[in-house]
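Listed below are the structures to be examined.
You will see subunit A twice below: alongside subunit B first, and alongside subunit C after that.
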Partner chain A sequence: MSAVDEAAGPKTPGSKTPGSKTPGSKAAESENGRAARREAAGRGRRARAAMEADTGLVHRSWWTPYLFLAPGLVMVCLFSIWPFANTVILSFTDARILRGGTFVGFANYARAFADPGFWVAAGNSVLYLVVVVPCLVFLPLALAVLVQTKIPGIGIFRSAFYTPVIASAVVVGLIWQWVLRSDGLVNTVFLKLSIVSEPIPFLTDSTMLLVSAMIVTVWKGLGYYMVFYLAALGNVPASLHEAAAIDGAGTVRRFFSITVPQVKPMMLLVGTLSAISALRVFTEIYILGGESGGPGGGARTLPFLIRQVGLGFAGETGYASALSILLFLLTLVFSLLGRRLSKGDET
Partner chain B sequence: MSAPSPPGGREPRRSRPGRGRRWTGLAGRYAALLLMLVVMLGPIVWQFLTSIRGRTENVYDGMLPSQPTLDNYVRVAESFPLLQYAGNTLVVAALAVSSNTLFAAMGGYALSRAAWKGRKVVFTLLVATLMFPFESVMISMFLTVREMGLVDTLIGVWLPGAVSVLNVMIMRSAFLAVPREVEEAAVLDGANEWTRFARVFLPSAKGALAVVCLTSFMGAWDDFLWPLLVLTDSDNYTLQLGLKTLAGATTVNDQRLIAAGAMAALIPMVLLFLALQRFFFKGVGEGAVKT
Partner chain C sequence: MTRSNLTRTAVATLVAGTLLSTSACGLSGGAAEVEEAERTGKVSGGITFRTLQLKPAFTSYVQGVIDAFEEEHPDVEVRWEDVPGDGYNEKLVADAQAGALPDVVNLSTDSFQLLGDRGMLADVAKLDGALAQDYVPGAWEQFRLPGKGDGVYAYPWYVTPEILTYNRELFEKSGLDPAEPPTSVEQFFDHAERIAAGSGGRYAAFMADPKGRLPGDWQKMGVPILNEKRDRFTFDTGKAVEWVERMKDLYAKGAMPRESLLKSDDINQLYGAGKLVFGPGSPGFVKDIKQNAPQVYAKTRVAGAVTGTLGHIGIYAQSLGIRKDTRHLDAAAAFARWVTNGPNQVEFSRKATIYPSNARGLADPLFSDRGDGKDAETVARAVGAEQLKSAALDANTPVQWTNQVGDAVVREMQKAIKGEQDPRSAVKKAQEEANRLLADAAAQ
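So, the complex of A and B:
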């Protein structure tokens, strides 16, 4: 730091620097003719803090930070805060896509709770979460442990495991469609080996379609969360493992009694993140099962339903907004749950 | 199944039988790795092999194509405007990368350095917006974009993602790491706020900038749901929408062509990934953990 200060020092004109404070630094004292700064250096930390608040690195005028933040704030207001407020408002109206609505109270919510289609979609979303989250909490951890050690060629494996993350949801959907179709790889091989007599309806049966989409989500998420766990594993002190090994703990034992407790905060984070993204699933089902979301819409998730209800010429924006709010509340529950769990863990 | 051995590859000293176990452990590890390799890359490789299969051979004639060819890539580009779709995607991606790097850096700068009245409020507000899942505001977002007359335009595809809050947070944590002395030196030099931002802070956050570039490029390249809502005219389609159309087109109905299209969308990303690996991994960690 002093190198930088000294380099800067000589060039600086003596009197009129706006932020002449660098208090306490050696370089500051080497510069003469700066009574204010020398005083500051002498006065200790409290005075120094006060100086900084006064003349320190504050912005020239109160609006400067807003100027820097303006583009971001405008965008956030326009495409995040306003849409959210608007969704809340619309959810209490009977608005349609081509006309505004009138206030209808909780009618849209009442309609949702009486709508079997809503319960199917909400049930699918929650089922998705319940199945996918444990897979994405534990499997990437196992994968991270597997690729953590530096053995020859491990870099290739790490990159390979990350490849599905880079692929777009559409590409991944198409790739798996070609594996799971009735004339796809799995069914062809199974038929040839006479494991099955008829193709398994991976993509044409609602439940199977949902399961297939879950497989795709887990497959795509493995590498993503593996990187999270690699970061967490890097922070586990090696001495813990050494001590346990000397005490005679085997690899399995060490995994459960050392690794798992050490990466528990990361497991909670991964659990929360994967829960929220499980509730948001759309593209996998759309690509694998088509626009209707499985036969009779039986594999629709909440985002799927929101899009179908809310858009198009007959789009019921009011009702779709109520569904959106319900989706939001659902994600809120799970993120608060995650936060609660990790708070409890810290104490 | 296998626990991590301590980093640095130094296993605690063991007697001879222990060494034998270590070798079997290593073999087991490689076996598990190879199994996972098949699971993770198998479907992709299968799609790739399909994409280079000759026109006359059966898709299931053995694992490897007997008449490998790139003909399918040519045919899909000729019969389907995938190149145009890729062009549209690149327009959106270029806009997204420029706006995100510049505006996220500016925002992150204002949030990271000197304290100012209201900083905490603004910061909390921004973090709070991360709680709204896109899917729960997309209908209203669509209405807003329609109000602006941007439905069915590439600008409409780009605009809502022009500055992502997550990117602002990435830039903020990068700027927080810049030593105070550097900034002070610049102040002594008489550099004004904008100069300090552009000449001192931006160059010192190159890594984070690369991450923002990369994630916003990938976001624009991979996004599907929002373009699906906004775009109606197929002339404006992005690559992902085009791929979906290609897969659904009854006129195509040739898996070799669909596979070629999917691979054409995937391969540029894979190359980008291989070239910039370190930034990819950095981005994942920073974006998620530090905010």
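So, the complex of A and C:
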């Protein structure tokens, strides 16, 4: 599309003088015909008809570009827009997995707000975000600054930090489970050293389970976001650091006064991305805390609750859809917050 | 077509799509009464046969059975399709609503009830009066439907009974007699208490796993799970509270691995590592241990399942249902009977750790041979078969105990077992929540 736009030049009716036309620009012209029409409807249409009459080389219909767009559009509509619209519709019904529902207005939403399980899950999701996002904004930056140094063998460190990203969530979960269980690595060491007298309930206490899951999420995200920061750090001009060093700024001062402001847009991006994924967390809690989501379901997050409500034979599709919409709204709020922050940064 | 036309078309399409979907949502599941097929006495025609996750492990066995049948009845053509276990029930019910059920269909305990309750299955007892004597009574009786008279709605196929597996060495260390395993839930808890007292935290007695333990444990203790009409849960009883109290007490004493309250998928590893006294209660597990932990296998003993005074045991039963309005009833019935006959079932159980539901099949010497009484796999086969012959009732999970009900009950149990909630109110809250879910599901 953009290549075509450029070939067409300025989008004014005046640029369409028949004599200056090549077949290439003709193709481009019909693409822009609609834009032109907006400015000079009647004249544009007449000019266009005249043009098509006198070249007659390539006949192009109005729908040709849509034909090219169709495969992508159909996919997006079928697998993103349509399911989304359907979820909104379903959230106002009492549909079940195998049974269509009837319209029930806001009953599902009212039920959610009255359901203590929903508030626990929403609270856990937000708590997850509040703890995980700062960790994932700052720790990978620190790591990136460390591995940015050009010393022999640094590639090994970079790869090592990236490894958890490649490992599947299930593998990561199982490893951490063996580390954190009551007879796992950490507890065995602590008990042997008499640091604790009872195993720490990393996986059997709702709050500790959430914390454990957060640790896994952060550990797994470190390498991923580190790569983002490495790219951003590469764009910080060396001259700035040089100038600051000449002015007598130390390493710490240069980090806060040069590096941080320079990578700030990236920090906001990382913040937004990690916030969205924090609100979607499911796997870590499922693997560490089992099907019930912690004892008594106390460590359930919103996606966890949605899955539990919507799955299986008695799956309450309507209610699960309403919960999904609430999760979407929550995500939207935090995304807009991130955008607002980045806007404020630009001005 | 102009641009405004295009917009109009787009909007119209969107609106139409939306309407279509809402009307699709509004499509109610109440299928009309299915008409019953008639016998013609002629075994012929093309029938479809759907199995539950038997490919690729048992492809050659199933195909062999089909080929042999087609040879005997050249007028019948059997089309075999195998469907994976995930979402099997959902697919069946969707097919039933669309009128696309196969003629002969492999059913698990819950899919049997789902189709049976909807009146989609033919009464096989009526098709063939002498059929009952072919099968083990316990298996045959399983396929009656409450409130639907004397009918039996499926041919029993392969079954796996619950058994008890335990580590002999750890039994002896705890001062327990390996020759006298527990036979009731209460005794099982007593054993666990002894084990916990002597283990010093090095091994646990059993997995807490409330999700897997319920409602089976309660049924064995004589707790009524549902009322007569099966439309309300009634498990809030003194016995159920007693169960929670004992679990709580045992959990505090370290009779169960801490994490097993939440998940029990590592039971094989724990048992195989000698960190658990009671292993899983399925015969297939014994085979796993033999392959993966030969040392522990040598110490493994097998006994009949914990049943209590009522003789309940859990039977995982597979069956073959006949579509009620099948076009080739005779062929379908003959085929289902063929697949579930003695020789074919015995052949199947030689290939997998399963048991025949066919009386003649179960009488095969393979299932009474205990060897020298030391090889756990051989004993497990004999013990399982023994139980199948005598077990009158089963402790299967009723369909009303859906995933959601199970989750809701388990959440309350977890809190109580951890000591965060009083057992009495935990059972009460569990029942309230379960009844709410049941009423919600029934209201639609």
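We take it that the second predicted complex is superposed on the first by the 275 of 347 C-alpha atoms of A that agree within 3 Å, B and C clash if a C-alpha of one lies under 4 Å from a C-alpha of the other, contacts with A are read in each partner's own complex, and residues count from 1 in each chain.
Just so we're on the same page, a contact is a pair of C-beta atoms (placed from the backbone, for glycine too) under 8 Å apart; a residue touches a chain by one contact, two chains touch by 3 or more.
Quick caveat: nothing in here was measured; it's all calculated off a predicted structure.
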Practice problem: Would you check which partner chain A:T251 touches, where first means subunit B only, second means subunit C only, and both and neither mean what they say? | Solution: first
Exercise. Check the residue A:W82 against both partner chains and state whether it touches subunit B (first), subunit C (second), both, or neither.
Key: both
Quiz item: So, does A:Y128 touch the first partner subunit B, the second partner subunit C, both, or neither?
Solution: neither
Quiz prompt | Touched partner set for A:A160, first subunit B, second subunit C, both or neither | solution = first
Practice problem: With the two complexes superposed on chain A, say which partner A:L90 touches: subunit B (first), subunit C (second), both, or neither. | Solution: both
Quiz prompt | Broader residue contact with subunit A after superposition on the shared chain, subunit B or subunit C | solution = B
Quiz item: Touching A:Y229, do we find subunit B (first), subunit C (second), both, or neither?
Solution: neither
Practice problem: With the two complexes superposed on chain A, say which partner A:W62 touches: subunit B (first), subunit C (second), both, or neither. | Solution: both
Quiz item: Given the touch rule stated above, what does A:F334 touch, subunit B (first), subunit C (second), both, or neither?
Solution: neither
Practice problem: Take the contacts of subunit A with subunit B and those with subunit C, and give the residues found in both. | Solution: 62, 82, 86, 90, 177, 290, 311
Quiz item: Along subunit A, where are the residues that touch subunit C in the complex?
Solution: 34, 62-63, 82, 85-86, 89-90, 93-102, 177, 181-183, 199, 201, 203-204, 289-292, 294-297, 308-309, 311-316
Exercise. Give every residue of subunit C touching subunit A within the complex, in rising order.
Key: 1, 3, 6, 17-18, 21-22, 24-29, 89-90, 93-94, 97, 114, 211, 257-259, 261-263, 402-405, 407, 410-412, 414-415, 418, 420-421, 437, 440-441, 444
Self-check item: List of subunit A residues in touch with subunit B within their complex
Solution: 1-2, 4-5, 7-9, 11-13, 17-22, 25, 53, 56-60, 62, 64-66, 68-69, 71-73, 75-76, 78-84, 86-87, 90, 142-143, 145-151, 154, 157, 159-164, 166-171, 174-179, 185, 188, 219, 222-224, 227-228, 230-231, 233-234, 236, 238, 241-242, 245-246, 251-252, 254-255, 258-259, 269, 273, 276, 279-280, 282-283, 286-287, 290, 302-303, 306-307, 310-311, 317, 320-321, 324-325, 327-328, 331-332, 335
Quiz item: Any idea which subunit B residues touch subunit A in the complex?
Solution: 1-12, 25-26, 29-30, 32-33, 36-37, 39-41, 43-44, 46-47, 50, 60, 99, 102-104, 106-107, 109-111, 113-117, 119, 122, 125-126, 129, 131-144, 159-160, 162-163, 165, 168, 179-190, 192-193, 197, 218, 221-225, 229, 240, 243-244, 247-248, 255, 258-259, 261-262, 265-266, 269-270, 272-274, 277, 280-281, 284-285, 288-289
